[in-house]
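Labels A, B and C are assigned to the chains in the order they are written; within every chain, residues are numbered from 1.
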């Protein structure tokens, strides 16, 4: 029904944007422009966007490059982490770690040559993907994290993305390469400062080499009034383990696309997600785990608590391709609705083309157990405290997957601030 | 009845049975004991015809036939019965229907008439009494929701129904309390005749208090390393397997 | 139960599609193609009132503006709608007054389908009343008089239009509106016949009502319409069976079924669908694009049970609109696909009223090179307080060349709702097969046993006669299917 309204929205949206001058392939950028010239913003008629309207993003009078020199660094998660700060898709060297420990290769894409960026665009597909094409065409900067073969980076890497200003359109492109037997922990944090009506669009391409072990904690808490479309595209080689914890705690409209291609045998993929929504927030988690080869395990657990008039969308898809035998894939989505105006759309999907597999998914939607709340109140808790205790226990299943104690503490303190829960 | 000669078998390229010899005659009960990982359950699986196991050498003669040449179902139809260590659940398929199908297929193989519903139900009543199996269990789905003891009793009930020539009881006593053990053993003893034989695979001697074997064999490292009368079991219970291991390893 | 699962084994030798014969009866056919004149021709043939013709023409206008749905997980060559015959009736000079008047050739057809009415009358007495629809035209309805005594109307849709126009006019299109979807619109324009059933207030229909559908003529589409109305406090159990001859070309079946359960009423609707699935190489077979939906008023209950083994392509979602408070919707389904069959089937449970409940049990079995998808929607609307849903969708894979897919859509707008969805996909249990083999059961029979056990929750919902037939069909459909 928004079809006609959105006509030419894309052209208007891109009018004041400047083409990316990052050193990756110009063919990709041209392809992106073609996609943008021949498509418009997606509508709810497209299965991928059935429950999410992007009209509010489309109507932003998008401008890039706003910088706010007065921006102050928030309290840091943990001083021992290797900190890299981006504001509106621009590297803030002044706020970032000044000297890297020896042997670690982490740098801004803007300082990379074309060889270093040869892998950019090799995982994501642009065809009919407007947000991917926007990012490819207009990306200003991003981080390159290269973990060498056999290298274990013992300090966690913290990549902080700050959105600021009005009508900002921020396009960040990241590339994470974890070579064979490499190991690292990365925190991708998304927050905003004095931002309104702004959108951040991030693509992170992640290569996980053979026997590598990579963990990503993705913590999102841009303030309301802002929008985010964030994509991680992951390629796993044999014997590797990839874990991503996606914690979404704020933002008016957030769309997460998490796509994992498992291209090697004996891999483990863990996808955990927690989302807490209030007011009119809309959070949409789309995940795909594509099992292309045999003998792999994937575990997916997403849980959300939805207050007020907020809407949560979960669309998790597991593919098991032909000949990808002996796959164990588990997927679970749980939602608690805390108000009569809250809503949830859950679509856990299995698409299976191999026979010797064990796959299951479950989805539950409900409210807190009144009996349990009564029990807690009879033990002297206020109703609010009882409810908070119950929901924090519900979400706790996911939060406990965050292994780094500093990150967990930060998540808990954000939840405490925004929702008044105690942990 | 069955004559196993120099049997070698492996799974996933790993040799488990390494030249096993065993001779069982009609009317006899043989107990096979041995430490964990000796190959006891492998022997049961190989005899029943599990495809994961590859026989690399040796022969098994079953009442004049080459057992290893027969398919799993034909071995069963020839009269070889395996009481499973872990009986399988088949949701939605009633025990009665399962057994009637089995019985009729076996009868068909032997050129006999199908059993009438009436005779079949009479047989069910008679045989379920042997293992004190509640008649209700007969109409429940195969092993589904059965307790551990019920599953094992159900195995013996099936054995009674199918009246095999050779029954192999694979750790049928494991997990049973003393009452269930007594019932199971009683069932086996009731079914004993001069025309059939039983191989009891077990880890514990206590079953042999109830099912008295004619011979006891010790399986270790893929071979039968010691055989003896029923007293051997008591000795094993008392002294464990270490002395046998030491004996064998010394050679 | 009065039967055992292994009875079906007797029919195992009959691997080929059992119902692939053509009845040689002169038929009365419209020319191929679709236009206003054809619709007028159908309407005139059926001596329809003006309002119905207008309804058809309006539907045709709507249909022309619509496009074929693309979202289902099926791939096929779209039918050429101008290459289909929209009306084909067995030629008959007069209406059948009694069973004796029925064309002997037709009787033979029915006998081959296993529904000889003489036989049924003799054996089962008052057990099942049958309406037989061949190529979209209802040819015989039994037990009419007996049902009439209770005020039950069970007749062909055309007869209902003539004899009970008020009921038809009042309810037709109220559950599946003309504009609902592409195939429902097409059906509304060109439907030729079907079954009609009305159970008056407080009446419990004493026998199963049954309709057998058969496509006979080559190149014809079958577009029947079924309308079942259970008035307040009424109960009816309705059965539907489907067969078609083997033909190389694809035949189109686009039916509409509407169920109306008024306050406190209950409708049980069972289907055993065995349209010709195409041959081993995927040639021929029926395209089964069906819209089935029921509406429940207060305290009413609609229960759909289906066993789907046929059709080359199935696109079908028997649904319940739970409009009244305390109403109940149920969906029990077994869908088997083999060779090159494709099925995209499931249900929609739309919860509008308070304390509404729905249950979905779906068992998919994929064999050969087939693709089998479950697609189900559970929608809890804002005012549906205390709505409950439980869904269990299991898929069983028989070969490594087939696919099993699960696409549930769960939409909840009320915080007091409780929704549970579970799905599993697994291979047929090797240890179960081995256990059967060790007891002397052949592999084929072991699979048949295991599959029947796996489907038992659904098969148990079927009336006895259908349950036996369904089990046999399952066995036949899966013959030689293990990879």
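Basically, a contact is a pair of C-beta atoms (placed from the backbone, for glycine too) under 8 Å apart; a residue touches a chain by one contact, two chains touch by 3 or more.
Bear in mind that the values here come from a model prediction, so they are computed numbers and not experimental data.
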Practice problem: From the Cα centroids, identify the chain that ends up most central relative to all protein Cα atoms. | Solution: C
Quiz item: Looking at CA centres, what chain is most distant from chain B?
Solution: A
Quiz prompt | Centroid distance [mean C-alpha coordinates] between chain B and chain A, Å | solution = 56
Quiz prompt | Centre-of-Cα separation between chain C and chain A, whole angstrom | solution = 44
Quiz item: What is the distance, in whole Å, between the centres of chain B and chain C, each centre taken as the mean of its C-alpha atoms?
Solution: 48
Exercise. Please name which positions on chain C make contact with chain B in the complex.
Key: 4-6, 9, 429, 431-432, 434-443, 445, 449-450, 452-457
Quiz item: Can you list the chain B residues touching chain C in their complex?
Solution: 48-50, 71-73, 75-77, 81-82, 84, 87-94, 96-106, 109, 141-142, 158, 162
Quiz item: In their shared complex, at which residues does chain C touch chain A?
Solution: 71, 73, 382, 395, 397-427, 483
Quiz item: For chain A, which residues are in contact with chain C within the complex?
Solution: 47, 51, 322-323, 325, 335, 337-367
